[in-house]
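Each in structure tokens, the structures are laid out below.
You will see two complexes here that share chain A, one where it goes with chain B and one where it goes with chain C.
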Partner chain A sequence: MTARSEKFILFYIGDEQYALPVLIGNQFIEFENMTLIPKISQKIKGLIYHNGNIVTIIDTKELLNIKILQKNKQLMCLTFEADGYYYGLLVDQGGETLAVNKTFNDRHKKVFSKYFRTKDKKKVYILDIDDILSQINIYD
Partner chain B sequence: MKVFETKIYLRFLSWFIAVAFLPLAALFLSIYLFNSALLQSVLIESRDTVLFAIFISLALILLLSLIATKLLSKSIIKPIKISVWELSKVVGDLFKTVQNLSAISQNNGELSDSLLRSSQAQKTGLKTGSKAVFDMVNSLNQVAQKTKLAATKTRNVDKLASDSGDRSKEALDSLVVVRQLLTENQKLSHALDGYAEDVKNISSRVVILAETAKFLSLNVSIEASKTSFGNDFSDLVSQIRELNIISEQAAESIGTLVANMQRQIEQSGDFSKHQAQETDKTIKVVSQNIHFLSKIAANMLQISQNVQAIDQETQETRQDSEDIGTMIKKLDTEAKSLVGHVDTVTQTINQQVAIIRSLNKSSTALNAVTTTLNDLVGEK
Partner chain C sequence: MISTKYKDLYLSTTKEQFKKLSTLLLYLEKKPASQNLIENIFRLIHSMKGAAATMSYKKTVNLLHAMESVVDAAYNGDLRINQKILNSFFDILDILKQNFNSIDKHNKEIVLTKQIKLIKTLLNQKNTKDASKQKKEKHILGSLPSVAELTVSTDKLDDIGNSLDDLLINAMKIKNKAKGSEDVDFLKVCVDNDKILANLRRQLEKIRIVPLKDVLSSLPYLVREIARNENKQVEIVIKDHNISLDKAIVDEIVEILIQLLKNAVAHGIASKPVKGKIIVDFSLVGDRMYISVEDNGQGINWQDILALAIKNKIISSQKAKTMTIDQIKKFIFQAGISKGRNLNTVSGRGIGLSLVKAKTEELGGSIEVISKINKGTKFIIDLPQPLSVFRSIIFNLLGYVFALPLDFIDKIINLDDVKNLNKTKIFTYKKNKYKLISLLNIFDIKNFEPLYKYIALINYKGSKVALPIIRQVQEDELIMKKAPLIFKNNKYIKGVAVSAQGQAILVLDINNLI
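This part shows the complex of A and B:
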């Protein structure tokens, strides 16, 4: 029996590589004008309009609690669709799409604990959609 | 005058008595020698008469001699007295004259000594003056030589200043040309700046193109992973990835090229601007230099003229010094001649002294004569 492979889209936050499962509506886009939302979690950067859809922009660094002072030169996000809503993860740089046969679970982490290893044995944590939505908790 | 006090009177008287007695004695002697008997007989017979006659004769002779002496002495003593008086007067005058001559001679001697000393001092002074004039002439010759040298050098400096002025003008012209070239260069830099801006725009478009290609590549990859297509689509994805890589490299190269070009253009512009400023400064400095050189040339001309005037004055002064030297030589000759004259004057004074001594002797002799004559005529 052959193991069922999962497909992930790689992206970079700083120098770290992360992965998002391939879903409907996945697309790397670049945007300029973002509408800010008052009195909302810092994990939500704002809203953009793209291809007839309202996309909620998630601050991935806040989400992953990464303290990097370096600001993005350009605003780039990786979009995905969940429950009819469109979200965009702010990323620094896009990466390849690859299929992974085996994933692991980091017991020390409560959220975003799944990961896989690349060919050069580097750990790449997977940003699970449920974990993301549970963290931002915007549309209940 | 007493008769018996006069020696000549007595001599005349003695002589007359002798003259009167000698014939009488001769008479008696001849009578006695030839006829002594007669003499004896006369003396015996008429002794008293003979004695009386003799006495009368003697008395008469004495009286006549007295009268003759008196008459003769009067005729002789008077001119002698006059002569003695005149001689006394002449002796007095002669004595005074001798004294005066002695005083004059002494003065002349002192004058001669003074003249001798003066002429010797003059001679020494003239020697010193001659030496000083010789030194002065030598110094003036040296001054003249140095002045000529200075005049030559001044002329050279003047020529150099003129040449420098011409060269500075040429340099100024060249700098003006350089300034024009720099202006052209600045215009070119501006034009290049415009082109660089255009290239920058093109580069930004290429960057956008690369970005688009990048997103296209990423998203095509995602889409490819969602559905399973054939090998052709995989090739397409690969080509798009390749396009992405190439466009990224191209965008990066163009960006680098544009940045370098812009930097070089800016540097060139800055350099041109700086060079233009420096050229302006250099033009200003060269203009000032030309101005200064003109002034220096004018001053050097003035100095050259002054040096020439000094040279001329030095030559004239040298001529004057030579004239002074000639005059000093003449004066030296004159001083030598004066020394000779002084010697002559000294000799004359010596002769004069000898004459005065002789005159003194003559005066003494005259005094003795006068005394003798006075003694003779009985005068004191």
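This part shows the complex of A and C:
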């Protein structure tokens, strides 16, 4: 019997690799102009229009509390759909999709605690959708 | 068994048929001898039976078959429709509803043996003596026209709508290029395309638009059932004024109405010999829609509500002494306040009105209540009307791009010189005074004292306001899109629209800005 595997899309923030569960609406999009929103959490970067939908752009660095000063001319996001709404995680670089048989839990972390190990034993943290939405206060 | 992938289609079709059946039975209660009604009910039950048989829901088929036999007997004159038969049918509607829920959630039917048996006993009332005389030559089905209906999920319509929006945006871009090219033929083709696409979008919108009366047709049945359980007599009047709305919004409104009607029957209308009356009234005023639900019941005693709030420790007795009626009114929309003495399946858990308020606010609206002892209670819901394609002014404010629908704007004034209006409260134009709106204050944008070049004069619901604009006022056609969840608690932004350039633009909510 084979173990049940989960599929993830990998992406980079700086040199660090992260993973997002494969969901409906996953796509890497490059864009330049973003609509800014006043009086909003710093974790929300803005809005873009893509394929008929308004995509809420999430500042992944702010979400993960990563301090990297790297400004790309061309912005890129990894989109996903949750409950009929579209979101995009700002990423520095896209990666491949892979199936993972085993995930682990980092007890020291309150959010984004799930991870898996790559073949070369590197930890890749998973950005759970519920964690993302709770962090940007969508549930408030 | 047929694949469960057809289950959703079956359930959505059955839901509509179920609603029609409830309505027809209510009419039949008023006119029990109407052959036309009996014929239509037969046709509906027969169609529901066919759908259940296709899905191999055998218990459902047997129950519907038994119901069909009763209606068939009534049509042929072998059986007279009486209150006992109607009550049994109404009871069975409840069971069928539970059955459909079970199919939906657990993928299996519930046990229906008892109901089938009950229906079969109704056939014992058959008038066998006259049967041969009154028997119709032709069976009902033979004379019925067949109607083909197609059920399409709103998700699929959304997908088509999104693709069409993309196409519309591209067409706008091409039209703008054509305007600059001086090629008249090219421009003419673009203008024609524009008309075709706009027409296509309107047609698509029309598919989503349903008459309120169709969707609300199940409410009289609901009220009848609650009233029957509560041993009350209640009449419901729905004034829909032939309004039609987007099906998705109507579904949300129905949920709100169901809760308000449950409350009105269970708590509003008193158990007295006088017949209770509930009036549901819809009206469209400007860009708002108002829905009122009014009963002629016992009214709400606000002191009782205050006492409950104290008892449930929502407020201290000390604080309660200084509360105004308007403040007390807010308590009934809080979870934990219930006027019902007993908990029952209808209402009385004290969460109903809090859900109504939450749902109304989700739709960008508000709710208020007016009540007089022994006169009745009226709930008024104020909702924004959804926009689709609209002309708007678009302007920039320190990097933020806002839009305001043109319908609200009286005039845009180009100021002779740029002006610092940050401390100005009132703007005077041709002896008319306009209250100045500061988006900087509203959106908490600090440390900027911009100089304004334009002022948009707005006359909205009798209020005169002026909106200062820094620069770059454009007028354009925008397409309203589904607002992201992040705007759920932002009352100043009505939603997000898209321009011809494919840019997302924040649409201001004039109602709340004022």
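In this section, the second predicted complex is superposed on the first by the 135 of 140 C-alpha atoms of A that agree within 3 Å, B and C clash if a C-alpha of one lies under 4 Å from a C-alpha of the other, contacts with A are read in each partner's own complex, and residues count from 1 in each chain.
Operating definition for what follows: contacts are C-beta pairs under 8 Å (C-beta built on N, C-alpha and C of every residue); 3 or more make two chains touch, one makes a residue touch a chain.
In this text the structure is predicted, and so the values were computed from the model without any measurement.
Enquirer: After the alignment on chain A, I want to confirm one thing: do chain B and chain C clash, or do they fit together?
Expert: Aligned on chain A, chain B and chain C fit with no clash.
Enquirer: Among the partners chain B and chain C, which is in contact with a greater number of residues of chain A?
Expert: Result: the larger residue contact count on chain A belongs to C.
Enquirer: With both complexes superposed on chain A, which partner does A:Gln27 reach: first (chain B), second (chain C), both or neither?
Expert: In the superposition, A:Gln27 contacts chain B only.
Enquirer: Figure out whether A:Lys7 sits in contact with chain B (first) or chain C (second), or with both, or with neither.
Expert: A:Lys7 contacts chain B only, not chain C.
Enquirer: When the shared chain A is used to line up the two structures, what angle, as a multiple of 10 degrees, is there at the CA centre of chain A toward chain B and chain C?
Expert: After fitting both complexes on chain A, the angle is 130 degrees.
Enquirer: Quick check for you: in the superposed arrangement, does A:Ile48 touch first (chain B), second (chain C), both or neither?
Expert: second
Enquirer: On the A-aligned overlay, A:Tyr85 touches which partner chain: chain B = first, chain C = second, or both, or neither?
Expert: The second partner, chain C, only.
Enquirer: After the superposition on A, what does A:Ile37 contact: first (chain B), second (chain C), both or neither?
Expert: Second partner only, chain C.
Enquirer: With both complexes placed on chain A, how many Å separate the closest C-alpha atoms of chain B and chain C?
Expert: In this superposition, no C-alpha atom of chain B lies closer than 18 Å to one of chain C.
Enquirer: If I apply the document's touch criterion, which positions on chain A are contacted by chain B in one structure and by chain C in the other?
Expert: Common interface on chain A, chain B vs chain C: nothing in common.
Enquirer: Once bound in the complex, which stretches of chain C touch chain A?
Expert: Of all residues in chain C, those touching chain A are 159, 161-163, 165-166, 399-401, 443-445, 481-486, 488-490, 496, 498, 502-506.
Enquirer: Could you please specify the touching residues of chain A with respect to chain C in the complex?
Expert: It is residues 33, 35-40, 44, 47-49, 51-54, 56, 84-86, 136, 138, 140 of chain A that touch chain C.
Enquirer: Can you list the chain A residues touching chain B in their complex?
Expert: Going through chain A, the ones touching chain B are 7, 9, 22, 24, 26-30, 74, 94-99.
Enquirer: Tell me, which parts of chain B touch chain A in their complex?
Expert: Answer in residue numbers: 211, 214-215, 218-219, 221-222, 224-226.
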